[in-house]
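Structure record follows, encoded as structure tokens.
In this document, chain identifiers A, B, C and D correspond to the written order of the chains, with residue numbering beginning at 1 in each.
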Amino acid sequence: MAYNLLKGKKGIIFGALDEKSIAWKTALRCHEEGAQLVLTNAPVALRMGEINKLAEQVQAPVIGADVVNMDDLKKLFEESMKHFGGGVDFILHSIGMSLNVRKGKHYTEIDYGFNQKTLDISAMSLHRVLRTAWELDAINEWGSVVALTYIAAQRVFPDYNEMADAKALLESVARSFGYHYAIKKKVRVNTVSQSPTRTTAGSGVKGFDGFINYAEKMSPSGNATAEQCADYCVTLFSDLTRMVTMQNLFHDGGFSFTGISHAVIEQMEK
Amino acid sequence: MAYNLLKGKKGIIFGALDEKSIAWKTALRCHEEGAQLVLTNAPVALRMGEINKLAEQVQAPVIGADVVNMDDLKKLFEESMKHFGGGVDFILHSIGMSLNVRKGKHYTEIDYGFNQKTLDISAMSLHRVLRTAWELDAINEWGSVVALTYIAAQRVFPDYNEMADAKALLESVARSFGYHYAIKKKVRVNTVSQSPTRTTAGSGVKGFDGFINYAEKMSPSGNATAEQCADYCVTLFSDLTRMVTMQNLFHDGGFSFTGISHAVIEQMEK
Amino acid sequence: MAYNLLKGKKGIIFGALDEKSIAWKTALRCHEEGAQLVLTNAPVALRMGEINKLAEQVQAPVIGADVVNMDDLKKLFEESMKHFGGGVDFILHSIGMSLNVRKGKHYTEIDYGFNQKTLDISAMSLHRVLRTAWELDAINEWGSVVALTYIAAQRVFPDYNEMADAKALLESVARSFGYHYAIKKKVRVNTVSQSPTRTTAGSGVKGFDGFINYAEKMSPSGNATAEQCADYCVTLFSDLTRMVTMQNLFHDGGFSFTGISHAVIEQMEK
Amino acid sequence: MAYNLLKGKKGIIFGALDEKSIAWKTALRCHEEGAQLVLTNAPVALRMGEINKLAEQVQAPVIGADVVNMDDLKKLFEESMKHFGGGVDFILHSIGMSLNVRKGKHYTEIDYGFNQKTLDISAMSLHRVLRTAWELDAINEWGSVVALTYIAAQRVFPDYNEMADAKALLESVARSFGYHYAIKKKVRVNTVSQSPTRTTAGSGVKGFDGFINYAEKMSPSGNATAEQCADYCVTLFSDLTRMVTMQNLFHDGGFSFTGISHAVIEQMEK
């Protein structure tokens, strides 16, 4: 069902890797809701070629950009504004990468060079994106920026490793930059803290299966799917949520405020 | 602008006192978005007669109910289901009353009999409403319940007095009942923590003017209006937010995560 | 080991039922640390007679008081001040009672008359105690008040039932009254959120065994014991924590900030 | 007044720059409480020479270490263990540095190279310290680690700039590493979120005076001093707080849970 919630709006979607991606689903839903889009991802991710399928579906150009390269970001925004014939109304930041996780380094043994890349790509990239937009005055008044995060920023999920710290940093950047952008142009910046989701990126985390099952049992409404997350992002990009800013919004079927569920107790007693 | 976000949905709105009320505005917006409504309030509030104007606008019956009277609530839900020809999809709980505040009792000098009424009417009423619906199986699967609250539940705003404690209790009831209702029927229960709003109820609080001005200066996007709150409630009643439950959602222009703003610093330096 | 941390201090301990009680252990530790004490509990609890054993050990009078009876509380404070020859330096509030839990009522089926008693005894009692002290000016400057609470105030533990709501209310009262008492006399008011503890009261909760085991597995340092809680309370009553106020302090071996532990994952995979 | 709370304990204090430093006061108090100490700071800070005065007072060796240099940290722990003739019982991490703040860069215009240094020195340094201790098994069972932080990690204080993000990262590292260290050796790791304090480091922040005055008016018990923070750290290093871990502990006279105070309202109305 579509409602034209984003009719006339223009948005940039970061991080649509393949059709399991939350960013991919969000791009589809934004398109259904009437938005015009630009898709972007790191050059190395674009080489996979999958994104072209999405680009066709949502009739959007694909503009490569390395999120830690300020020139790339500048070019991305300039080309997007040219394509849209004006400013941007919303941005989805769905970006995360940890070489330490990939290499299977335990949290107590991380490589600090890798860690620096993790923080830069997964968290400071939001600052870089917002700062580029700020300097080019690329976001329209009442624009909306959403970055995807995970509850490991608040509580320890040991296998999530250094990504927990990166997400805590990301959420802080959202608040800090959100303050300035709200004052300047009423632009809102929020993070959505999504249930563990069986994306290509998510599945890379060690012990992911056991973990997603636990979350399913612990969440009174079950784990939120990528499609449901896309729906939620649509509301946050719409004009109906203009005063929600600097928030971390849990989209997780109630996981975040459940201390224990009967389903988990039963499993524990087995 | 209307999107048909609530097309075919049926909802009960508690607490539309007069046209400044958030509940009033929310009823209007829900109607615009295609919902069918039942309006309800305490018999004493209905006697003002204002609500009939709203009832006409949104073509809804008005059914009086004292929220601490289980028979009244039962009758309300039974008549609503008869009117709708089926279950309820959403409920707005916008109910609060403090005799201690009205009588100007300082927090350290509250009357405990009044306090008990405050807690019952302002907080336990949510339990009573949900429990009545639960017993009659009155809420449809994926239904959505929103109760309005205030950040005094988290931090002290001294003039808010015992209502702070009532709101903390209300938010806890939303979580607790939300857990059970999510498991039973995927019904979600959330609270929306709204900016101070110049309603007839809100204005009764001592020092309200100074206070709303402070909040305006402290909120990077300014205070959220009643109309904006109505918009936000619409998204929470829609099918796009099904996995958001047991949350307290700040709708306050960023007030909740601002420690200090430059506007307040300037004022402090005067 | 004793340090004379409370040398010369006078305190009132509410809720020492039997030797498993946290209040009992806290009384012992406060005595070891040099404090002079008054013990109090509800008349019905005193009839058990256990407390006299403690009274002898810590050389303290026992003064009965029903915490929802303002005359009783007034008498308690007046007699305590007479006994001490002056004001009180610290108070432990370890009081909770739920008839709905005792009668095995499900959260969705609570009796509202019982619930009102639960809220009054378990939460508003803190207000009543502080207000009585306030009116008699019974707490010395820089005094310290601790009330025991549980993390169900923040997240749902379904078997904890309406006590979750009572604890949320209690924590709000601690903040609200804490604000006023800090301004008036630098008195601090905090809540300590303790691990599930095998006390006579705690064990009454349905499914307590499964639950305490889960908490043990989920807490990186294990569940905190009653003795450890007593130690912690001693630090909060001492002069070393004067600026800690209006806080909810988790004393739980890290449970509160652990999303999942490897020990729980292993158990889930069995 | 001293209590011998840390009798027989050995600790390492990072960050005692001059006699206004919280670390300096904490070293003095730990010494009074019977602890043996090692002092450390960055070589560039040591060159000021001030620390030798403290070293004499607390009879502690000074061992320079750059917290982002793993060899330095290894040497620090090895020499400390040699000096102590065994493991370490507690560590104070009072380290923060932002070149962007020093150079007066606005948050929206930070230099990313400087930012990387800020995050490394102010936050990841805690990981580096703990990891070095972990590898050398340098911390005794039930050891205690405290890192100083600030509430800007939770809410925006615009002039605090990128240090807010660094503190959010620091607090996440404390939780993440705290989980592992609790499981391994019952070592606890907490952060203390202190009132703004007139230290040499703190005073460097733009608008610090206005800011500290605001905090004073907003805190029901007033701002916590450096001496009071030292007292609080002593309790956290003692054996009385063994089950407090992975927490962020506000030591701020109630600032963190005050939404508004009458003193601020009065100032706003001027």
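The rule is simple: contacts are C-beta pairs under 8 Å (C-beta built on N, C-alpha and C of every residue); 3 or more make two chains touch, one makes a residue touch a chain.
All figures in this text were calculated on a predicted structure; none of them were measured in a lab.
Under the contact definition stated at the top, the chains bordering both chain A and chain D are B, C. Relative to chain B, the most remote chain by averaged C-alpha coordinates is D.
Centre-to-centre separation between chain B and chain C, using Cα means, comes to 32 Å. Centre-to-centre spacing of chain A and chain C amounts to 42 Å, using the average Cα coordinate of each chain. Contacts with at least two other chains are made by residues 155-156, 158, 175, 178-180, 220, 246, 256-258, 261-262 of chain B. Taken in their complex, chain D has these residues touching chain A: 107-110, 112, 115-116, 119-120, 124, 127-128, 130-131, 134, 153, 155-156, 158, 162, 164-165, 167-169, 171-173, 175-180, 246.
For chain D in complex with chain B, the touching residues are 151-152, 154-158, 207, 210-211, 213-214, 217, 256-262, 264-265, 267-270.
Chain B meets chain A in the complex at residues 1, 3-5, 175, 178-180, 182-183, 186, 188, 195, 220-221, 224-225, 228-229, 231-232, 234-235, 238-247, 249-254, 256-258, 261-262.
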